[in-house]
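Given below, in the form of structure tokens, are the structures.
First subunit A sits with subunit B, and in the next complex the same chain sits with subunit C.
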Partner chain A sequence: MLVAGCGAGDGETAAIRDARPTRLQRGERMLVEASSPIFDVGAPTSVLIDALGVTLPARAVAAGRVVADVDASVERALGGRHLAAQSTITVVQSEQRWSSDPRTRFAVDLFPHSLQHLANGWAAHLPGPAWLWWAAALLMAAAIVAGPLPVIAGLIVVWERKVSGYMGSRLGPNRVGPNGWLQWLADGLKLLMKEDIIPTEADPHLFRAAPYLAFLGLFLTFVVLPFSRYLIVSDLDIGLLFLLSVTPLVVVSIIMGGWSSNSKWSLLGGMRSAAQIISYELPASVALLTVATLAGSLSTQSIVASQGGWPWQWYLFHDPFTLVAFFIWFGSALAEGNRTPFDLPEAESELVSGYNTEYSGFRFSLFPLVEWVNIAVIGAVGTMLFLGGWRIPLVDAALLERHWWIDLAGFALFIAKDLSIVFVVIWIRWTLPRFRVDQMMNLCWKYFIPFAFICFVGELAWLWLVPPLAQTIVSIAGFAIFGVGFGGWFLSRVRYNARRYQDLVLNDALGRVNS
Partner chain B sequence: MAVSYSPILVAILFAVGFGLVFLALAMFMGPKHETAEKLAPFECGSEPIGSPRVRFSVKFYQVAILFLVFDIETAFLYPWAVLYRKLSCTGAMYGLVCSGNVTFFGLTEMVVFLAILVVGLAYVWRKKAIGWG
Partner chain C sequence: MSELILAYEASGEEMTLNMGPQHPSTHGVIRFIIRTDGEVMHEAIPDVGFLHRAIEHIAEKCTYEGFMPYTDRVDYVCAMPANHVWAMAVEKLADLEVPERAEYLRVISDELNRISSHCIALGATAMDIGAITPFTYILREREYVNELLEMLCGARLTYNYHRIGGVGWDMPAGWRDKVLRWCDHFEPVMAEFDRLITNNELFVRRLANLAVISADEAMSYGLVGPNLRASGVDFDVRRDVPYSIYPKLKFDVPVGRGLVGSVGDAWDRYWVRAQEWRQSVTMIRQCLAQIDGTDKEFWKQPKKLKPKGDAMVRVEAARGDMSCYVVGDGGTNAYRARFRTGSFDAMGIIREKSRGLMVADLVALIASLDVVAPEIDR
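Now for the complex of A and B:
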């Protein structure tokens, strides 16, 4: 009865309702859905990506669903090239063709550049079993990402010590290497040569395993962090959710370390930390919902790509709700990273060293390593979600594709934004006092969580009520008021105070003549 | 699907390998002089008094239970938030721009869902289960 309206005519348009995912590596599948049951299950089928002129072998799995395979044969036929276009999608079955609505173009991206793409290329062109090249490329990718981790941690520690030194009228480390910048290497070597003590009272297995888990939770975040357009290990469809799921692994490690130490200080630190981190997990994930709504995707690269290069195109200034959401997320990230003003779990004046009191030697040093690299991760997450990531003003995808050095500039921009957030985190540590435990819990449950929900609902209403032109005007006005106006005033105050401090305290301490 | 997730497995192996290599190195390079005092739990120099395995304030458990409830709710919000623009559009989508009119559907659905959540939050707030007063 209803069949008359949706008969399978030749070349019918708008019969294809949806196709996903449209960003495909080799070995992945695209699911194409029809708006009505029209396919003949079992008949030879193929899927055309019209703008690219590419045909994918496919099969109808149901009357309304076709699955297309992006296999090695497709990659060989295309020469392993990266192909991307806004395209309609057509399903061909024997004599019949059905297309998607020409007004709804799918952003098809075949064999996107990534480290996996590189692995596929090696496997296709070099002798030996394919899985071996896969393993080699993936291991290399992991090494590229993991190799700098201790260095990042070390440099941030030296930086933090220098900042704290200057804030306290001291010089900070200045002996090892140029201006003390190799201090981390000396510290690391020293820790390697220290005794690894496992207390007799401790549960030896859990005690030994805890630092691994902390390191794992940290390291996994690097899988989805988009350092530039092409420098990402894997652009998962659920990148943001993945990020939110692996970071709390650190809390498991902290409880494990705190409980298995069988020491009062460790246990108190571990319990406090668990309560704190899981509480602040909630406002952080609700605040990030605003970004997921705006980008319409959880893939980290799509979130970056949906922002622009100019500051008013960043999600930070998108509307008042995202601005508040950014600060809620940032506060929660500080709490989850056990940073001041939320560093109660290792409150050194109360709990000796908190959950890691009983640890020593290199096993101990894995905890601070995680903590300091985590600051860089906070910076990277903030950069990609709110500060436009690697996007450079006036540079579009086509230009990026042509010149590799533009991609490098994007990487540099990402790192610069990341380091600015890292600096703010360090700055906060040496400026603010620690919260009391009741203040900390109340701040989370009675302020951050309700405000995060208000931001989220406000964001939804904003997208729905405010026309696009007004949204653009608000973004630019937001940038002018908060970015240029408030930011400029704040920086001028900082500059004034820094100069005053230089004249009154620092020069005096260093025996220099006042300028 | 499985292809883009395989780096996670490699990352897990690498992270564990990193720890193993450096801790083995530390075992070779570090000294080993164990004494009973050194292996005792640290309690500011005095003999440890009693076991650390004591009863904990019930507040910690409350936080854990509330976290479970709210975190699952938040996890449910994610797929919905991603689709919000599509749910609020009657016509076709050009990337993120809607060609048709906006509809109430997405917003109303979520406001109802969130309202239930907020009632829960208000209830535990009133019962003084949240906060640390």
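Now for the complex of A and C:
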């Protein structure tokens, strides 16, 4: 709860003595008190009087108290009238300085603030209770975030089918839209028009609820994904914990779907999924903890900001432990996303279709939607934690503040990194066979979890014992060996195989002329 | 079967799982009743007969020549050897001679068909383990074989190529070069396939030491062909009960060696088939080199075909020893015909070998035995 008042005293003593309508003359002080410590002392602060549209420079004198000096602009805007006692004000705090010190908190939380402002504006001009407009603003924000999800899923599906097509010497979809890129629309429409069947013996309520729960778990991750410096729904202090706590909602939905279908194949898929996702949460969390230790923060924006733009400043190459942690995290993310080689819950050749065997129509379509958006989320989390996020080389905070298009470039960079991880995920799916259940559990409990803990402890020792210069040298050497060396070797293999591909595939083995 | 299911349901902890006949990985309409405790199977009981078309009875209703297209349906994945075994059986019964050129063409078509059949077997194994790309990859090669066989006999799957007393057509002009060219192309593909999947760590771990069949077991269950040889039994009908022109060809018989696990495991069965590809290619090359020296005649059509007596012949089909027993009573139709096929026996050992495996392993076991539904039921 915010309470505003004004008086002539200084900030500390002026309290809310005078909450009557006031002319707000020059020289007076306005005091904003919050019932909980929500302000950052020392951060640039301003107070916006919504009814006037006037912004006053202010300062936060305590975590619960902001003081603003009334100047001539307010006088002019009021024009001698009184300010209504019920008028609302908004306190805006922003962190202009952008420090790579992880302890400096990012106070940019623009989305809730602007949303609140928008809702206040609506409530001032339109009839109806204020909470209704606040709910409307929230709904609009949710639509803005959720809207792209089907598009992301659809495009990744088409991309995956094309990649798989080319890998298996086929063409992939190439009929609907330009070069097949609208295939996802046709697929989606087809699924929407299918009959929605609920098996007679199924538990109808759980059966109906399961797909939405999967969607919810996935949708919530978008709250903390930092797509650029400003493009984030909310930079929560507990960003990583939030991420780790909402993603397992998907497993609840898979178990619900598997159990409520009343089919043995679905049940087997659901049970596999439960075992798998719960087990792999552990190494994934510990691997993320390694990075959180390094950044000194769980906030996703702080983790990105504490990395640099150049590859050797990424956490991936920070030291040998983070490199291993990356692979542990990546393997666990594949397992949590039910992707090959961990696609046991929907193992097509064993369990028909696993937990979603009995689903049809729109309810079915939500499961693949979640699966494919999940790949994008895996890519985004990997980019954010290990690949430097939206950081561009040679761009510092001041430059980023000055030009809006640099932030856009950061967004593009983030998406590019995200897509490269998505490609690796797709590529793995179409190359590797599947684990067996016991092998999958062995890998997790005997290898991933111990190594994740070794990485975590090793990381702490590294930070404590190794001098900064040596750390930098190791980072650059790591990048040289694994980035340049491995990348170069890989590219040479690609080049070699591309030549073989010419011989093996493009030229017809029977000597016919391909049209 | 239904009383079986009821009996097992009563026992409490066990779950009875019905797998098939419409299941993606049972390789056709085969059904398994699985008694399972969670993921671990207690037993998988095969239930065959969904694809029974009474082919042996049809043989009694058709003339000897007229039955030839039906033999394609005995095993439609590898139809040439079934053609071959019927032609050989009737020729032995009626004491007919076959032109040498026809023998060469029969062997070439058999071996090409064996390659395409093994393509399906190996690709399907990879797909059942979860790797989809190797399957599409190797099906591209099978497509070339289909093209070649289409040039030879006009059909891509059910060939009806062999005739009693020869083959239906001589090879078309330029066909020899096309086959040789394809052989050159296929050799690097086999090496690439090995790199892609055969030696893949995950793949090896899934198949090594899985469902190990000892040599004694293999013989007592009557396994034949690659399944038998994978267990270390060095027996190949082409070499040990020679027929056609196989004695003139030089080839090795690959035998399971337990390279990654024990002799007779699922990976060995897979590996033996991959090695047979290579042997088939060398045989095709030898045949094409020798066929030039033969007469132009490729079919001695028998004028009157009313044999009496009985005959039993065996050939090595892609799924092993395929035997045909035919009895003639002096009429135009066979009095009785009987095919003995490899897949039926392979189904017999599944119940024994499935004990204690996981559900995912059953799929790998079926795939490694390379069973094909029509060949089981006929």
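The rule is simple: the second predicted complex is superposed on the first by the 360 of 515 C-alpha atoms of A that agree within 3 Å, B and C clash if a C-alpha of one lies under 4 Å from a C-alpha of the other, contacts with A are read in each partner's own complex, and residues count from 1 in each chain.
As a convention for this text, a residue touches a chain if its C-beta (ideal position, glycine included) is under 8 Å from a C-beta of that chain, and two chains touch if they have at least 3 such contacts.
Please read all numbers here as calculations on a predicted model, not as lab measurements.
Of the two partner chains, neither subunit B nor subunit C is touched by A:Arg402. In the superposed model, A:Glu350 lies in contact with subunit C only, and not with subunit B.
Using the contact criterion defined above for the overlaid structures, shared-chain residue A:Asp438 touches subunit B and also reaches subunit C. In the superposed model, A:Leu216 makes contact with subunit B only, not with subunit C. More residues of subunit A lie in touch with B than with the remaining chain of the pair subunit B and subunit C. When the two structures are aligned on the shared chain, A:Met271 is found in touch with subunit B and with subunit C. With both structures placed on the common chain, the touch criterion links A:His125 to neither subunit B nor subunit C.
Once both structures are placed on chain A, subunit A residues 264-265, 271, 352, 437-438 are touched by subunit B and, in the other complex, by subunit C. Residues of subunit C touching subunit A in their complex: 15, 17, 23-25, 38-39, 126-133, 135-137, 140, 144, 147-148, 177-178, 181-182, 185-186, 188-189, 192, 196-197, 200, 202-203, 205-206, 358-361, 363. Contact residues of subunit B toward subunit A in the complex are 1-8, 10-16, 18-19, 22-23, 25-27, 29-34, 36, 38-44, 48, 52-53, 56, 59-60, 63-64, 66-67, 70-71, 74-75, 77-78, 81-86, 88, 92-97, 99, 102, 106-107, 110-111, 114, 117-118, 121, 125, 130-133. On subunit A, the positions that touch subunit B within their shared complex are 25-29, 101, 103-105, 107, 115-116, 134-135, 138-139, 141-143, 145-146, 149, 191-202, 211-212, 215-216, 219-220, 222-223, 233-237, 240-241, 261-267, 271, 274-275, 278-279, 281-282, 285-286, 289, 292-293, 295-298, 306, 352, 357-358, 361-363, 366, 437-438, 440-442, 445-446, 449-450, 453, 456-457, 460-461, 463-464, 468. Those residues of subunit A that touch subunit C in the complex are listed here as 164, 167-170, 264-265, 268, 271-272, 340-341, 343-344, 347-352, 430-439, 500, 503-505, 509-511.
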